[in-house]
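Structures follow.
In what comes next, chain A is part of two complexes: it sits with chain B in the first one and with chain C in the second one.
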Partner chain A sequence: MTIDGMFMWAMILLLFSATLTLIRLLAGPTIPDRAVALDSMTTTTAGAMVAYGVITRQAVFIDVALVYAVLSYIATLYIARYLVKKRVGIACECEGEGT
Partner chain B sequence: MIEWLIGIFLAIGVIFNLLASIGLLRFPDVYTRIHAATKCTTFGTIFIVLATVTYAIYSYFWVENDPSWITIGIHSALVVIFLVLTNPVGAHAIGRAARKSGIRPHGAVIDELEGRL
Partner chain C sequence: MNFEGLFWALQVMAGLGLLIAAIAAVRFKNLVSAVIAMAVFSLILSLEFYILQAPDVAIAEAGVGACLTTAMYLLAIKKTTDEEVIE
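And then the complex of A and B:
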């Protein structure tokens, strides 16, 4: 098997793993379950995008994986902030509860 | 030789990602799911990117002198640096938010954080 074939199989198995994670994302009982599943699926998909960028020899897919990872981090922090504060919006220090 | 090295790295990465999916499906509550998902996906993606960087360095110096391999290697390293910096922070925030929103651990008997949050 060539090295590109190995990267292709790795990409297929990573996408299968992301599909298994999608089950927990759809069926999770609580909101933190879904947030954790989304974070895990994003990391796995970033790995698959890196493998696909190696297969096609184009660095554009790896840049997409970089942006995807950073956006997933921001989304996770925002969901966590919503779960603590129960309020959507930018940072507000008007209630004096602390961070 | 280099095929074996890259194959072992890819196998470790894929196996850890699949273990993360199985743990996410099988564990009982949100804290154990955070434990399975975050650590296993971060470790697996580190090894996927390690295989990519190894392949890029090998291809640039020994096969073809194409500078796009250097781009692929450096950008993959940037991806894994961002993931290692941001994934534990996100997992910690989710765990803290889950506890503050009232979710108890499965099968917990003593809760020492009861009046302290």
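And then the complex of A and C:
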């Protein structure tokens, strides 16, 4: 098996796991499930983009994965701030009320 | 497996993923879930631009779709209600 074949199979497996997280995102009952699934899917797809750039041997393709990894962090941060503001997923409301 | 077959399989998978994400973004009743589905749509669209050998367009789509759109929709939803109101 050549190096290109190895990277190709790595990219296929990464995209398959991204498909599994897409199913989790479509079926997730709560919003934190979907936020974590979005973050996982973005990271996995960025890895697949790096593998594709290695296969086609073009260095400019790595920049797309870098930019997407940085910017998806900001999107996840905003979703997490929204969930903290709405107090989603907090089990006990009795602590930290008076602060 | 050769590279051409992988290329066409990726095209078909990206098209199906775009369709599923768009239908989910329209059909979700919770607005935060719809915004997350739109972020997934932007991710798969960026991957599609990437496969079609246009990395600059993919970078622009990443900046607009992943960062700006999600942040501004969530800031707007935070000031209003997060369930779809049917008149």
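What we mean here is this: the second predicted complex is superposed on the first by the 85 of 99 C-alpha atoms of A that agree within 3 Å, B and C clash if a C-alpha of one lies under 4 Å from a C-alpha of the other, contacts with A are read in each partner's own complex, and residues count from 1 in each chain.
Quick note on the criterion: a residue touches a chain if its C-beta (ideal position, glycine included) is under 8 Å from a C-beta of that chain, and two chains touch if they have at least 3 such contacts.
Everything numeric in this text was worked out from a predicted model, so none of it was measured.
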| item | value |
| --- | --- |
| Contacts of A:D63 with chain B and chain C, given as first, second, both or neither | both |
| Which superposed partner A:Y52 touches (first chain B, second chain C, both, neither) | second |
| First (chain B), second (chain C), both or neither touched by A:T43 | first |
| Contacts of A:A35 with chain B and chain C, given as first, second, both or neither | both |
| Which of chain B and chain C A:A10 touches, first, second, both or neither | first |
| Touching partner for A:L26 - first (chain B), second (chain C), both, neither | second |
| Chain B versus chain C as contact partner of A:I79, first or second or both or neither | both |
| Most chain A residues touched (candidates chain B, chain C) | B |
| Footprint overlap on chain A, where chain B in one structure and chain C in the other make contact | 31, 35, 63, 72, 79, 81 |
| Interface residues, chain B side, partner chain A - complex | 2-3, 6-7, 10, 13-14, 17-18, 20-22, 24-25, 30, 33-34, 37-38, 41-42, 44-45, 48-49, 51-52, 55-56, 68, 71-72, 75-76, 78-79, 82-83, 86-87, 89-91, 93-98, 100-101, 103 |
| Contact set on chain A toward chain B in their complex | 1, 3, 6-7, 9-10, 13-14, 16-18, 20-21, 23-24, 30-33, 35-37, 39-40, 43-44, 46-47, 50-51, 53-54, 57-59, 62-63, 65-66, 69-70, 72-73, 76-77, 79-81, 83-84 |
| Chain C residues within the chain A interface of the complex | 1, 3, 6, 10, 13, 17, 20-21, 24, 30, 32-33, 35-37, 39-40, 43, 46-47, 50-51, 55, 58-59, 62-63, 66-67, 70-71, 74-75, 77-78, 82 |
| List of chain A residues in touch with chain C within their complex | 4-5, 8, 11-12, 15, 19, 22, 25-26, 31, 34-35, 38, 41-42, 45, 48-49, 52, 55, 60-61, 63-64, 67-68, 71-72, 74-75, 78-79, 81-82, 85-86 |
